[in-house]
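Listed next: structures, encoded as structure tokens.
Here come two complexes built around chain A, the first alongside chain B, the second alongside chain C.
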Partner chain A sequence: MTLRSLLGRLLNILVTLFGVAVVVFVVIRVAPGNPIAMMLPPGASEADIDRLRALYGLDKSLVEQFVIWLGGILRGDFGTSISLRQDVLGVVLGRLPATLELAFAALVIAVVLGFALAILGTRRRQSATEGAIDLWNGITLSIPDFLWGLLFILVLGVAIPLFPVSGRISPRIDIDYVTNFYLFESILRFDGAVLRDLLAHMALPAIALGLPLSAVIAQVLKQSLKEVMGLDYVMLARANGFGEFAVIWREAMRNAMLPTLTLVGVQFTFLIGGTVIIEKLFSYEGLGNLAIDAVINRDLPLIQGIVLLFSVLFIAINIVVDLAYAALNPRLRHG
Partner chain B sequence: MAERGIPFRLWLAGGWLMLLCAAALLAPLIAPHDPLAQDLFLERLPPVWLPGSEPGYYLGTDSLGRDVLSRLVYGTQIALVVAILAGGAACLIGSALGLIAGYFGGWPDRIIGRIVDIWMSFPPVLFAILLVAVLGTGLHSVIIAIAVIDWTRFCRVVRAETMTQARMDYVDSALVIGRSRGGILLKEVLPNVLPTIGVLLSLEMGIAVIVEAILSFVNLSISSDDPTWGGMIAEGRTQIHFAWWVLVFPMIVLFFTVLSFSQFGEGLKDRFDPVLK
Partner chain C sequence: MTLTRRALMGYGIAGLGFGALGLPNGARAQSGELTIAYNVNLPSFDPTVGPSAVNPTIQGIYQSVFDQYINQEPDLSFTGGLITEWGWTDDNTRIRMVVRDGVKWHDGSDFTAEDVVWSLERAGAADTGNPIQFVWSKIGNFAIDGNVITADVIEFEPTLFKWMGFLTGYVLPKAYYEKVGAEGFEAAPIGTGPYMVDKFERNAYLRLKANPDYWGGAPAFDTVTLKFVTDASSRVAEIESGASDITLEIPYEEYDRLTAKDGLEGVTTPVSDIGMIFLNDIEVMTDKNVRLAAAHAIDKSLIVDRLLSGYGVPIDTLQTPEYAAYDASIKVPYDPEKAKELLAASGYGPDNPVKFTIQTTRGFKPKDYEMIQAIVGLWRRVGIEAEIEVYEIAKHYELRAADQLAPAAFYNWGNSVGDPATSTGFAMFGPSPHSVWDTPDLIEKIAPLWGEANEEARIAGWKEVDKYIAEEGYVIPLIQYVQPIVHRTGLSVTPNVSGALHPYQVKPA
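Our next item is the complex of A and B:
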């Protein structure tokens, strides 16, 4: 990548981030419904309303308000959560690890399952197996994570209670870790009991989130594998006596990966968006659950902080995917 | 390809959707009970084939003694209204902007593309919840929120398709005989993009139904007394250990509806548009 294209991309990102800030500000401040009225309980006095307006700078012009608001955010001041009476940034960052771990687990499930289905479908081309895989992909793709989550709660949580269906960790486990990345920290500490408990709680929500993405990966990867399998160099590998699996895995995969990678990036942001409702469904103590509580409690500073953080996360993922694509694609490497 | 006729899944999905339309239109005739009528003597009755049920309450009752089947039937009305109005509005906004961006290029394309980029940086469900919280709960807020968020799905695809069409010879020919650019866009390009829009619309209607259910589930859609599938699911989730039927039946209906909308879209794709396939 040349310096010029890198700078151009950086500028793009800044403009997008600025746009995100404007949209959040407009939605929260300008939309019908007085933000102060949303913050105060019904029956608050006029004096209370005026004081709060002055406190939040709402008596100034909209542009001034935006500049003050943006300045605060750039300094890391996201305000104070109304319902929790704590610093928004602190609350949000404290919850972020739980959501990241869930999303990561879902991504691993999606990639492993997606690759397995794609390779199996390529090995058994034009057989009943491929038909079954296509049918499965069609169904998993059509059914959103919300319904998968409900189905798992019903079947694997209640009818055959194999997994816990609520929370991130059992209340009886006393955890005193340094970070909130419980899963990663328990692995590093070889803390088997905690790890097992975390994984049991994470299993159903992570599978619910990962299934639709696994279908996307399987479909696109299978399609590009099929195209690559017809190319000369793959034929050559086969003629050299490589087995079918080795041909797929070692030769075809390298070229078939690229379209899949771009897609996984875009779809991974959808997956992270899905954590909002899945966390609510499974009472998993992450950002999404916090966001819904914030909306129900009309906690505007907290909502604002969460939405901004999610947006930054989305943009960051897109950058990582772009960089990974450039690193893997020799045609782009020398720009 | 065209000789293949109408694929099986198009029939199946279309059949289910027709059934839903009929249920929505004829709800007062079909529903055996008033969907809002509570009767504490009839609470948590199981479906009619299980012991302990009451005749006439085919799918049982919820924790307030309301008839599950009647609530499902009336819930169809809200689901379909949201699917049609929210899906239609998102389709109109997104397709219009996509056509403009794809056909004219230049600065309209850059501005619209930038807005799409910004929109795609928000998690859709969170965005919807935020909008409904700001607009106030109610059916109109749900419809506005879905339309405001989901137009990008149309915009990106329609833009790409329009760009492909705009490079074709028939567009140049129309220009040569002196047709106006706007006229060409509406009369020549649009009809060729319509199949794509139709497929997207079908998919979007399924998404709208799910989003409405999710918003009802977190109690942000219409009032919690009115029968919605999402509201029933939310209630069923709390009753899961005592009355599974309150959760299972709305889930099944939602499942088939979402599957039908997406399979209907896929079926249209196979039938009409070899390019999208």
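Our next item is the complex of A and C:
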């Protein structure tokens, strides 16, 4: 990547973030409901309303509020949450690890399951197995993640109570970790008890999130594999005596996975968005749950902070996908 | 089907994985522990500032950690809290309070009269963000003499002492708060309440441990965990799987299903939360016949039976039977023939219906939208054609504060202080930002009651106002809600009419 293209990319990111900042700022102020009306006690007078508006800086014009907010962001100050009365950036960054870990776990499940189904379907193409895989993919795709979540709660949480149905970690467990990346830190610390508890809490929401994505991956990858399997170099590998699995995994996969990689990158951003409902359903203490509460409470600074952080996250994911794509595709790597 | 070695290994690994991760959820309750699947989050720990300070449901959590100046009992009556005696001087120019002896903060320091004065002064200061500041600022010039506090009355507020057992009426630790500051207090709050904060994971759970020196007697459980499970179906799963011992605010159908199961019991109580239809003095609602016809056309008992599984109490004023100004003689009966007559007198009927919009939330309260659908159906029979407009609760607050509600708007009004001033008063007094009925006749009737010093005359006055409102049809009270609580067998749960679930009031059966 040249310096010019790097600067161009950077400028693009800044413009995108500014656009997001403007849109989110305006939209949540135009949207019905204002935070002061939400907290008005019985008996409040006009003077009380004015006092509260001034206290939260809502007495200023929209432009003034935006300039103050933007100026604060440039200084690293995202404002104070109205409902939590805490620094927005601290709250949002504190909750981000839970969501990232959940989304990452869902992605791993989706990729492993999707790849396995795609490879199996390719190996057993035009057989009953492929038909069964297509049927399974159709089912998992047509049922939204929150319905999977409800189903898992009823079956694996209530009927056969194998897994906890709410929270990220058991209230009984005391941990004193340095970061909020509990899962990764418990692995690094070889803290088996905490890891087991975290995985148990994460299992149902992660599978619910990952299932629909696994179907998308399986279908796209299987289609790509089928196309690649007919190419000359794959035929040559087969003629050289490689087994079918080795042909798929070593020869066909590298080319076939390029479109899947792009898809996974795009879907990962949707997956993070999907955590909002799943986190609510499982009372999982991530960013999605926080976002719902922020919207219900009309906590303007918090909503703004969450949306902006989501934007940064999506941009970062796109960059990672682009880099991975370039690394796998020699034509892009060499310009 | 042939079971290959590879497949067997696969099943084995999958089984081990499930076995390793899956935990038996049932029967987890340990002796001395109580887990409650709570229906709300706890956004902030300071019970005197911010939006959570005026959220009635959260008060049960606050009251576990902090004490109020005056205690409110489960039946809404008031008893001694951190002040044991209170009252006005004969001329209502001063108040006198006696502070409870022998109380300790959770850090072991002594609770003093200074804590009370500091808390009241802080609550009354305009810059601290106390939403009830307009009440607390009506007293000042505090003086302490031993355990006795006196203060000047700046403006007479008859409900002042009721507010001391209501929203933001909490005593906070002066010395500790000044030492750690607002952020330090949020991180490690202390109070004088029956439970001490052990661990708080925002949006996840609050773990409390018993305060063995609590002045009201040691709590029954060593540890109480409040899981914040805001989704009703998840709360049902929590109690049904055995992961929680108690939950509340679940659909009535689920309540009936769960309490029929072995190992689970339940309790239902009418709470201080009512469903009502605000009428705005605009468009057709300026016609008394239309208003009264709309009221008489609603069969509230039918709605309670059919939509709320029988869990609800029909009401005819904004007072419930537990409130100080409840008057059972005020009736607005279901009478569709009378409704038709009233409409006919104004030139309306089934062939020429009167038309207006009714706003409602959907899913904010149990069967809110369905209730309005049913009411619209009943109205149609007598000659009222109402168009339903669904909005979010935040929109309702905004419109109501701006006096821009539709001619009719469904809402639920909470009044756990039980005083008519905080029900009929704030909901129907035109200048209040919560009222949308602004006619001078009603303002003139209500205005003198705000400062009425004679309690008997004050309550009688509010009853008169309620009677007048019913006769004029200025509002349509619908039902008093019933709160369902499900708990495992072996527990004794005392429900509160306020709707707040107090862990301290849960004991082993």
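Here is the rule we use: the second predicted complex is superposed on the first by the 292 of 335 C-alpha atoms of A that agree within 3 Å, B and C clash if a C-alpha of one lies under 4 Å from a C-alpha of the other, contacts with A are read in each partner's own complex, and residues count from 1 in each chain.
The rule is simple: a contact is a pair of C-beta atoms (placed from the backbone, for glycine too) under 8 Å apart; a residue touches a chain by one contact, two chains touch by 3 or more.
Values in this document were obtained by computation on a predicted structure and should not be read as measured data.
When the two complexes are overlaid on their common chain A, residue A:48 makes contact with chain C while staying clear of chain B. Within the superposed three-chain model, A:147 lies in touch with chain B and out of touch with chain C [touch as defined at top]. Legend: residue contacts after superposition of the two complexes on their common chain; A:234 is shown touching neither chain B nor chain C.
Contact with neither chain B nor chain C is seen for A:218 once the two complexes are overlaid on the shared chain.
In the superposed pair of complexes, A:158 makes contact with chain B and with chain C alike. Legend: residue contacts after superposition of the two complexes on their common chain; A:203 is shown touching chain C, with no touch to chain B. Of the two partner chains, chain C is the only one touched by A:86; chain B is not. After overlaying the two complexes on the shared chain, residue contacts for A:274 are found with chain B alone; chain C is out of touch. Touch criterion met: A:20 reaches chain B, while chain C stays clear of it. Measured by the number of chain A residues touched, the leading partner among chain B and chain C is C.
Across the superposed pair, chain B and chain C both touch chain A at residues 32-33, 150, 153-154, 158, 280-281, 296, 298.
Chain B meets chain A in the complex at residues 114-115, 117-127, 129-131, 133-136, 206-207, 210, 213-214, 217-220, 233, 237, 240-241, 244, 247-248, 251, 254-255, 258-259, 262-263, 266. For chain C in complex with chain A, the residues that touch the partner chain are 18, 20-26, 35, 37, 41, 43-44, 46, 49-52, 54, 126-127, 129, 131-135, 167, 182-183, 186, 199, 201-205, 207, 225, 227-231, 233-234, 237-238, 240-243, 391-395, 397-398, 400-401, 415, 421-422, 425-427, 431-434. Residue ranges on chain A touching chain C, taken from their complex, read 32-49, 51-52, 55, 82-86, 91, 95, 150, 153-154, 156-158, 161-169, 171-172, 174, 196, 199-200, 203, 280-283, 285, 289-290, 293, 296-298. On the side of chain A, the complex with chain B involves touching residues 12, 15-16, 19-20, 23, 27-28, 31-33, 138-139, 141-144, 146-147, 150-151, 153-154, 158-159, 269-270, 272-274, 276-277, 280-281, 288, 291-292, 295-296, 298, 303, 306-307, 310-311, 314-315.
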